[in-house]
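Alright, structures below, take your time with them.
Below are two complexes that have subunit A in common, paired first with subunit B and then with subunit C.
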Partner chain A sequence: MSEIINFKNVSYEYRSGENFHRGVIGLNFSIQEGEFIAILGHNGSGKSTLSKLINGFLKATFGEVNVLGINPSDDRRIYELRSQVGMVFQNPDNQMVATMIEDDLAFGPENLGIPREEITERIDWALDIVDMKEYKNKMPNKLSGGQKQRIAIAAILSMRPKILILDESTAMLDPKGRKEVMATIKKLNKEQGLTVILITHYMDEAVEADRVFVLNQGVITVEGTPAEVFKEVRKVRDAGLELPIPSQVCIELISKGYDIPFVLTDEDLVDALIEQKQRKSKQKPGFKFK
Partner chain B sequence: MSIKVKNLSYVYSPKTPYEHKALEGITFTIEEGETVGIIGSTGSGKSTLVQHFNALIKLQEGELMVNGFDLAAKKINYKALRRDIGMLFQYPEYQLFEDTVAKDVAFGPKNFGFKKEEIDFLVKEALTLVGLDYDEVKDKSPFELSGGEKRRVAIAGVIASRPKVLVLDEPTAGLDPVGKREILELIHNLKNTYVKTVIMISHNMDEIAEFTDRVIVLNERYLIHSTTPEKLFSDQNSLNGTGLRYPHVVRIQNLLKEKGVDIELEKMTVDSLIDEIENKILK
Partner chain C sequence: MARDLTLGQYYPVESFVHKLDPRIKFIIMTVYIVGVFLVKHIYGFAVVAAFAILSTLISRVPILSVLKSLKGIIFIVIFTAVLNVFFHTEGKVYFTIGKLLITEGGVFFALKMALRLILLVLGTTLLTYTTTPMALTDGLERLMTPLTWIKIPVHDIAIIMSISLRFIPILMEEVQKIMKAQRARGAEFDRGGLVKRAKALLPILIPLFISAFRRADELALALDARCYNATPNRTRYKKLKMHYRDFIAFLAGAAYIVLIVAVNNKFWIPTLTYSFPFI
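What follows is the complex of A and B.
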C-alpha cells in the first residue's frame, strides 16, 4: 500500500460577515491507498471542510495538502485532481444532470474527453458494480432514494476515480436504501480497491470502516480503528457523538464491574454475553461474578 | 379522539398515464395524548398520509376526522384546522426565510390572526419551549444559527400558534447524534404543554422504539400494523417484506433467544436491556 492523501498541519479559515471562523485546525494525517476511512463529528465540526480540502473545493489557509502527489491549491492541476477524487453528496437529486441514466453516467467521462466506445464500456461496468444494470435506459425520477444514490455513485465511478468521498450520502435514505448503499461502498472498497472516505452521522456505518477520525471543533480528537475510537468514550461523547448501541450496553456493564470485552456490534455483544454465561455456570453455585 | 381515518385511499394523477396509487383502504384511530410513529420505506405512503391531516392533500376517498373537523365535508374551516394541526416538514430549516428569528417564528401566528401583543407572547413562549434563549436569538438572522438551532427555530414557528396536534416528518434526519437526542427530548417535553398529540414519521427504529406509544407501519400503500412498539418489534415476522429493520435492543434480544437465552424487555430502551442482561445472564 502506498500513501494517497497526506495532510501536514493543515488549517482552513474563512470569513463570514464580521466573524472569523476556523473550519479545521492543524490537521495531520495520512491515508493509504485502498483504506476505508469514516469521518465522524457533530454538525459544524469541520467534516465537510476536510473533505473539500481533499479535492480542492477549498484551499488550505496554512499547511500542506498532498493528494495523489498533487497539491489541491495548484490551479493548473485541479482538473487532473478532481478526475481522481469523486464526491457524492447527501441529496442524489442535486447530483443528477441528465434525463436518462445512461446519459447521466456519460456526463463525467465525456467531460474528461474519454472516447465514445470506452464511455459505453465504463457505463456498463459502473452500473454492474452498483447492481443497477437493468436501469440503463430508464429515467432517474422513477427510482427509490437508495437506487438514485447508487446511480450517483456509478456516475462518479464512470470517471474511474482513485478516491471516493461520500458526504452524508445515506442521511436521506430509508433503512433499505442505506443498507444497499453501504453494501455498494464496501464492495467498491474491498473488490475494486477504491479508497473510500465516508462522512456520516451513523455510528453503525463507522463501525464498518478500517479507521475512524473524530472531528470536534475543527480538530481531530480521536483516530484509530473503530474499536480503538469508540473505547474513548469521553472523547467520543465530547465530540457530540454517541457510541453504537451494543457498545453503550457494553460500556455500561463494564462500568458496573462485569468482566466482558468491548464490542461494536449486536452479534459480538451476544457472543460475549453467552461466553460469560458459560464461564459463570462452570463456577461453583452461589458465586456472584462482580 | 384526535384523528380517525376510515378506508382512506389516495391516487396521484388519477385517469392519466401517470396514475399512481399512494394509499389504499387505510383505517386507524389516534387518541388524544398519544405519541404515534409512522414507519415504512420510501414510497410507502407516509408523507401522503400525514399531509391529509391538515388538508394539504384533499381527501379523495374514505372518511377522515381530525380534531373534530370532518375532512369529507363540503365546507372546511381550513384556517382553524391548520392552526390546530401543526406540521413540520423534512429539513424544515430550509423553510426559514425572514431576516430575524423572531419574525420567522411570528409568521404563523400572524397569519392565523393573533393580535400583536399575543404574537409577541407566543413567539417568546415558543422559542423558550424549544430551548432557545429568546433575548439572545430574537434579532439574529436564522442563517447565522447552527443546523440544530435552525431546526429548533423551525419547530418554534410551528408550535407558536399553539397547535393541539403536532405532525413531524422525519424530525431528526441529518442531525448529529446529540442534536437528534435533543430534538426527540424536546418533542417529548412538548407534550406537557398545549400539544396533546404527536405524530412522527421516522426511519430510525431505535428512536421509534424508545419514544412512541404506538407505531403505524405502511408498506406499499397499505397499513399493515397499528400497535405498540413492544408488540410490533417482539414479533419476529412483523416487518417481513417492508425493508425495515428491528431496533438494536430487539436484535440483541432475538440473537440471545437463538442461543437459548430468553430475556424480556419491559421497555424498548437500552436501560431496560441492560437490566435484563444483568438479571438473567450476569448475576
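What follows is the complex of A and C.
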C-alpha cells in the first residue's frame, strides 16, 4: 500500500472582506491507497472544508496538501487531480446535468476529452458496478433516491477516479436507499480498490470504515479504527456525536455490571449477549432446577 | 402533477421521427414555422395541418397527448382571436356592437391567427416529444457551432439549456410542495383581490428562490467535480450521423415549403380566389 493523500499542518480560513471564518485547523494525516475512511463531525465542524481541500475546490491557507503526488493549489494540474478525485454530494437531483442516464455518465469523460469508444466502455462498466445496467437509456425522474445516488456515483466512476469522496451522500436517503448506497461504496472499496472518504452523520456507516476521523470545531480530535474511536466516549460526545446504538447499549450494560466486550455492530452485540448468557448458565449449572 | 408538464417532456417510443437527427429536426421545425407564417390560404393551412398530423402519426406519439399541450395556450388563442376580430374590418359586415364591427374579413383574420398559434404549438410540442432535451441541445449546439468563430460560448449555452430543461419539472414539483406546506400553515392562494393574491405568492417565491440557489450551489460544485471546461478538446459520446431517413425527412420538409408557396400563389387552384376572397 502506498500513501495517496497527505495533509501536513493544513489550515483553511474562509475570508469575506475583513472577516475570517475558521474552516479547519492544523490537520495532519495520511491516507493509504485502498483505505476506507469515514469522517464524522457535527454541523459546521469542517468536514466539507476538509474534503474540498483534497480535490482543490479550496486551496489551503497554511500547510501542505499532497494528493496522488499533486498539490491541489497547482492550477495547471487541477483537472488531472479532479478526474482522479471524484466527489459525490448530498442531493442526487442536483448532480445530474443530462436528462438521460447514459448522457449523464458521459458528461465527465466528455469533459476530459476521452475518445468515444472508451466512453461507451466506461459507461457500461460503471453502470454494471452500481448495478443499474438496465437503466442506461432511461430518465432519472422515476428512480428512487438510492438509485439516483447510485447513478450519481456511476457518473463519477466513469471518470475512473482513484479516490471517491462522498459528502453526506446518504443523508437524504431512506433506510433502504442508504443500504444500497453503502453496499455500492463497500463494493467499490473492496473490489475496485478505490480509496473511499465517506462523510456521514450515521454512526452505523462509520463503523464499516477502516479508519474514522472525528472533527470538532475544525480540528481532528480522535482518529483510529472504529473500535478505537468509539471507545473514546468522552471525546466523541464532546464532538457532538452519539455512539453507535449497539455501543450505547453495551456501555449501559457494562455500567450495570455486566461483563461484556465493547461492540460496535448489532451482530457483535447479539453475539456478546448470547455468549454472556451461555457463560452464566455454565457458571450456575443447577440454576434451572431451583 | 408537475411531471405531466409538457415542456421538455420526452415521449419514449421508437419511431422514424424519434430517430431523426436533431439537426434535421431543427431545420424542419424552422421550415415548418416559416410555413405557418407564410400561409394565407385555407388550403395552405390544410397543408400545414396535414404536415403536423402526418408527422405526429409517424412519430407514434398519441395525438391526444400532443393536443394536451394546447391547454396551456387556450387563453392566449381566444384573446388574440377576439382582439383580431375587431381590428380587421373588411368585406361584409356581420353585425355591430356599438362602434365595433364584426366583419367577414375580421372573422377570417382572427381564425387565421388562432390557427397559426395552435399549429405553432403543436409543431414545437411534437419536437420536444420526439427529441430528448439532450439531443435538442446537442443538435442546436452543432447547428450553432459556426458561431464559436465570433466568440459565442455555444457549448456553455447548450449546457445552460440542458440544465434548465432538466430542472423545470424539479422546480415545479418544489412549488407544489411549498404551496402545500404554506397551505398547512393557513395560507390562501385563491382568495381575495389581485393584490392580495400577489402578496400570497411571496411566501412561495422566497423559499423557492432559496432552494433554487442552494441547488445551483451544489450543481456548480458537481459540474466542477466532473471537470467541466477541463479541455477545449471536449469529445462527444453521442454520435450524430446523417442517415437515409434524414435525407427523406429533409425532402419532406422541402416538399412542404414548396407546396405552401405554391398554394399561396394559387398555382393549381386559381378558381378558389373567387369563392373565398379573404381566406
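Just so we're on the same page, the second predicted complex is superposed on the first by the 279 of 290 C-alpha atoms of A that agree within 3 Å, B and C clash if a C-alpha of one lies under 4 Å from a C-alpha of the other, contacts with A are read in each partner's own complex, and residues count from 1 in each chain.
Going forward, contacts are C-beta pairs under 8 Å (C-beta built on N, C-alpha and C of every residue); 3 or more make two chains touch, one makes a residue touch a chain.
None of the values given here were measured: they were computed from a predicted structure.
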Touched partner set for A:K282, first subunit B, second subunit C, both or neither: neither
Partner chain(s) touched by A:R15 [first = subunit B, second = subunit C, both, neither]: neither
Subunit B versus subunit C as contact partner of A:Q90, first or second or both or neither: both
Which superposed partner A:G108 touches (first subunit B, second subunit C, both, neither): second
Which superposed partner A:Y79 touches (first subunit B, second subunit C, both, neither): second
Contacts on subunit A seen with subunit B and repeated with subunit C across the two complexes: 90
Of subunit B, residues touching subunit A in the complex: 41-43, 146-148, 173-181, 203, 205-206, 243-245, 248-249, 251-252, 255-256, 259, 261, 270, 273-274, 277-278, 281-283
Subunit C-touching residues of subunit A, taken from the complex the two chains share: 55, 57, 79, 82-83, 86-87, 89-91, 93-100, 102-103, 106-116, 119-120, 123, 139, 141, 155-156, 159
Touching residues (chain side subunit C, partner subunit A) in the complex: 3, 8, 10, 12, 132-134, 159, 162-163, 165-166, 169-170, 215, 218-219, 221-231, 233-239
For the subunit A and subunit B complex, residues of the former touching the latter: 41-45, 90, 144-146, 168, 171-177, 179, 201, 203, 240-242, 244-246, 248-249, 252-253, 256, 258, 266-267, 269-270, 273-274, 276-277, 280, 288-289
